[in-house]
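Dropping the structures in below, format is structure tokens.
Okay, so chain A shows up in both of these, paired with chain B first and chain C after.
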Partner chain A sequence: MPLIEFENVSFKYGDSENYAIKDINLKIDEGEFILLTGSTGCGKTTLIRCVNGLIPHFHQGVLEGKITVNGYLTTEQTVAFLSTIVGVVFQNPENQLVSLNVLRELAFGPENMGLPREEINNRINETAEKLELKHLLDKTPIELSGGEQQRVAIASALTLKPKILLLDEPTANLDPKSAKMIIELLGALNKALNLTIIVIEHRLELLMDYVKRVILMEHGRIIADGRPAEVLYSDEAERSGVNIPRLIRVFKKLKQSGVNLIFNPVTISEGVDALKVMSRC
Partner chain B sequence: MSFNIFEAFKYRRKKTFIHSLDPRTKLALAIGVSALSIIFTELIILLIIFISLIPLLIIAKSIKEWTGTVKGLTLLIVFILFVNIVFNGLSFAVSMVLRIFSLITAFSLFFLTVHPDELSQALIQMKVPFSFAFAMSMAIRYVPTIAREAQTIREAQMSRGLELEKGGFTQKIKNFIPIIIPLIVSSIRRAVSIAESLESRGFGAYSNRTYLLPLKMKKRDYIVLITLLAAIIISVIIKFVVGLPPLLLLSIPF
Partner chain C sequence: MLEVINVSYTYPSGDTALKNVSLKISDGELVAIMGPNGAGKSTLVKHFNGLLKPSKGKVLVDGVNTTNMTVAELSRKVGFVFQNADHQLFAETVEKEIEFTLKNLGLHENLEELKVKALEDFDLIKYRDKSPFSLSGGERKRVALASVLCANPKTIILDEPTAGQDLVQKNNLLELIRRFHSEGKTVVIVSHDVEFIVDINPRIITLVNGEILCDGDVQDVLANKMILEYSSLTPAQITEFAWRICEELKPLPNNIITVDQLIEALKTHIIGGSL
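Coming up: the complex of A and B.
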């Protein structure tokens, strides 16, 4: 059974006449690392809100179809219950760090769940260790750098021990170095915890070493879904105006000019391999 | 001026005896001292109350911040002094100033030494609902964020030709409208996204919420509370039952 399943899902916000997402069919298995992309306003954030139940419980509107997460229908569960299965990291870390220090931020979710103190302390220690936050525990959010804030935001979702982590443009406010660190961290979490990760991102290049699947959206619909080598070389990707990594654009050009490629390279090392093969021919 | 007042009421992380007291003890202390300085109008007694607070400031290593508060409130203090000299005479005016000093000192001592998180935890343990206490601590959390945003909006509007210093008094107030309106709009947007994040971590979902760092009264708290209570009881007895000895009724003779 897939961990997340969308069956013919459409949603229209209460104050809008158009569907934000339309006829979404989607199956996601445990341990997948997925890049969700598409131009602004294409429904990515709406899709994510559907997974953790913010739609329809927090954002009112018309929801059609069926969304199942870990076997539970999201319409029949509360957001609080779903938060122990699905952790969400929103775009602006400032708006999700609500406590006056990092320790309390990490404790916030488990405290709300009414877990015993000992368990909360264990989870904080474990997560702070893993995300290298130990030295920041008594800092206030204002004292942290953008990258540190984002790491704390991720940690505060992880202390609820979710199976799924959703991230909405986690690198939007970060400098290139911190952005790279955050994506590396996600890759490590995906491997170490078998955490299912869906990340919305415009800087596709950063993710190419980690993701095995790309979902491309346009006007509320999924227009391509598959391995990065398929989706990012497709005409749909070209048309939708996503920021296709430079390396892929180079190989696409080579292909168009008649060079024969045995496979579509996505990462740098795949690109090197492809060039080696080409030079041998 | 206003900046100074805020600074002086802001918590500073320090390790002193006063900082280590339970916030509830310090709240009782602040309220107790305020009550005493309102019960009494006699110059000498108000002077004693005020002087007895100074050692506490020294122990809390907060003299500098306290001076900041007083400086910020100079205008108010001078105003009280003059109005009272005109209507009630010098002796009473000085008493009133001492009373104000005691009140300021008691409360700035409280806010300088109580971490906002401790304060909200204290409120929760005093049976204030969690959502209220949390709203208070979140308000404190977002003051610097909103201040930074106001600064950004100000700079944006000024770079488009907004002149804040132009015109008379009412015009100057009107000049702030292009800053206030965007600030309100962006704050409402921010509130929605904060709410999403709270909701996604189970805020207020279950009634058996755990508090990771509960407050516990220690021996030192009981000692301070008993001393305070004794001081209040003795002074009330002296004032209303025994009557004040003439020495304490002395005042400035004109």
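Coming up: the complex of A and C.
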């Protein structure tokens, strides 16, 4: 059974005449690491709001079809219950961090779940260690750098031990080095915990070393879904106006000028390998 | 013309953000200020519109010392667009947002004309009666730009204009910046976005720990491993790819930063035979 399943799902927000997402069919297995992309307004954020139940419980509107998460129909569960299965991290950590210090921030979720004190402490320690936050536990969020704030936001989602982590443009406000570190962290969490991760990101090249699947949306529909090499070399990707990594643009142009490629490289290492093969011909 | 002469700036908290910085930006120049977080980039550009006044040294805008000018006087000459549009917008409607700037700067006479021009320039006519906060992130950015640029300042400062923007929005910004440049405006961009900066092709000044590390063109700075490292910048994917090819395959020219440059180099040095 897939961990997440959408069957013929469409949704329009209460005040809107148009569907934000339309006819979505999607199966996601446990342990997948997925890049969800498409131009602004294509329905990415709406799609992930369906996974954690904010749609239809918080954002009112017309929901059609069926969404199942870990075997539960999202329409029949509360957002609070779903939050123990699905963690969410937003673009702007300053909007998400609510507590006076990092320790309180990490305790917030498990305390709300009503877990025993000992269990709460265990989870905080475990998560703080894994995400290298131990030295920051008594800091207030505003004393932290953007990258550290985003690490705290991820950690506080993980203290609920979710199976799924959704991230909506987690690196949008970070400098390139911090952005790279956050994506590396996600790659490590995906491997170590078999955590299922869906990340919305415009800077696709950051994720190429980690994701095995790319879902591309346009006007509320999924227009391509597959391995990065399939999706990012497709005409749909070109047409949709997503920021195709420049390495891929190089190989696409080489192909157009008649160079024979035996595979479509998406990472720098693959690019070097492809050139090695070509230079031997 | 913007002149920064031996400027140091220390925040009330005691943190020194700029240390004896000197630079000159001529009219019509396109300049990017790059460097790690906390290097002093925002502190530097806030001196250009008088939001900050130097602790030591002086800043001259068109020859006048900023300590002798009010922020209102300066903002007619220097428009400042913040990274986060939400920190800047507050009015009930898009139209009022723009009117506020014009009234504040005393531009009452041709207010209507300037307002409509700004709404048109940024494709906001259809949103004129809407609340800025009901618009999408990209649209709010356009409102923020319009509300600063309606007064037609000679110098425009953009703080991280591409943060959180998708390709379509980035291309719109690119076009806009090129338009300002062709109109002879001075444009100063604070940015981490190496690929965007490659496309704009400006003069680049990198700041590290409150000091200028280097001042050069795109090739000098963004293809130089040592400068990138000291400035905590990550190379463009193309540049990193070119370096890896040099290490593992064959030497290539060491200043590759664009897709076309790399294709040219590959055709010449590596895959000439397979074409």
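In this text, the second predicted complex is superposed on the first by the 281 of 281 C-alpha atoms of A that agree within 3 Å, B and C clash if a C-alpha of one lies under 4 Å from a C-alpha of the other, contacts with A are read in each partner's own complex, and residues count from 1 in each chain.
Convention: a contact is a pair of C-beta atoms (placed from the backbone, for glycine too) under 8 Å apart; a residue touches a chain by one contact, two chains touch by 3 or more.
Remember, it's a predicted structure, so these values are computed and weren't measured experimentally.
Visitor: Report for A:Ser145: first if it touches chain B alone, second if chain C alone, otherwise both or neither.
Guide: After superposition on chain A, A:Ser145 lies in contact with chain C alone.
Visitor: Of the two partner chains, chain B (first) and chain C (second), which one does A:Gly241 touch, if any: first, second, both, or neither?
Guide: second
Visitor: In the overlaid three-chain picture, which partner chain does A:Glu205 touch, first (chain B) or second (chain C), both, or neither?
Guide: A:Glu205: touches chain C, not chain B.
Visitor: Looking at A:Gly258, would you say it contacts chain B, chain C, both, or neither? Reply first, second, both or neither.
Guide: second
Visitor: Can A:Asn173 be said to touch chain B (first), chain C (second), both, or neither?
Guide: It touches chain C, and chain B stays clear.
Visitor: Quick one: classify A:Gln77 as touching chain B (first), chain C (second), both or neither.
Guide: neither
Visitor: Report for A:Met278: first if it touches chain B alone, second if chain C alone, otherwise both or neither.
Guide: second
Visitor: When the two structures are overlaid on chain A, which partner does A:Asn122 contact: first (chain B), second (chain C), both, or neither?
Guide: A:Asn122 sits against neither chain B nor chain C.
Visitor: In the superposed view, which residues of chain A touch chain B and also chain C?
Guide: Residues common to the chain A contacts of chain C and of chain B do not exist here, since the sets are disjoint.
Visitor: Quick one: which bits of chain B touch chain A in the complex? Just the residue numbers, please.
Guide: Residues 115-117, 137-138, 140-141, 144-145, 190, 193-206, 208-213.
Visitor: Given the complex with chain B, which residues does chain A contribute to the contact?
Guide: On the chain A side, the touching residues are 49, 52, 54, 57-58, 78-81, 83-84, 87-88, 90, 92, 94-96, 98-101, 103-104, 107-117, 120-121, 140-142, 156-157, 160.
Visitor: Would you tell me which residues of chain A are touching chain C in their complex?
Guide: 39-41, 91, 145-146, 169, 172-173, 175-178, 180, 202, 205, 241-243, 245-247, 249-250, 253-254, 257-260, 268-269, 271-272, 275-276, 278-279, 281
Visitor: Can you list the residues on chain C that touch chain A in the complex?
Guide: It is residues 36-37, 83, 136-138, 163-170, 192, 194-195, 232-234, 236-238, 240-241, 244-245, 248-250, 259, 262-263, 266, 270-271, 273-275 of chain C that touch chain A.
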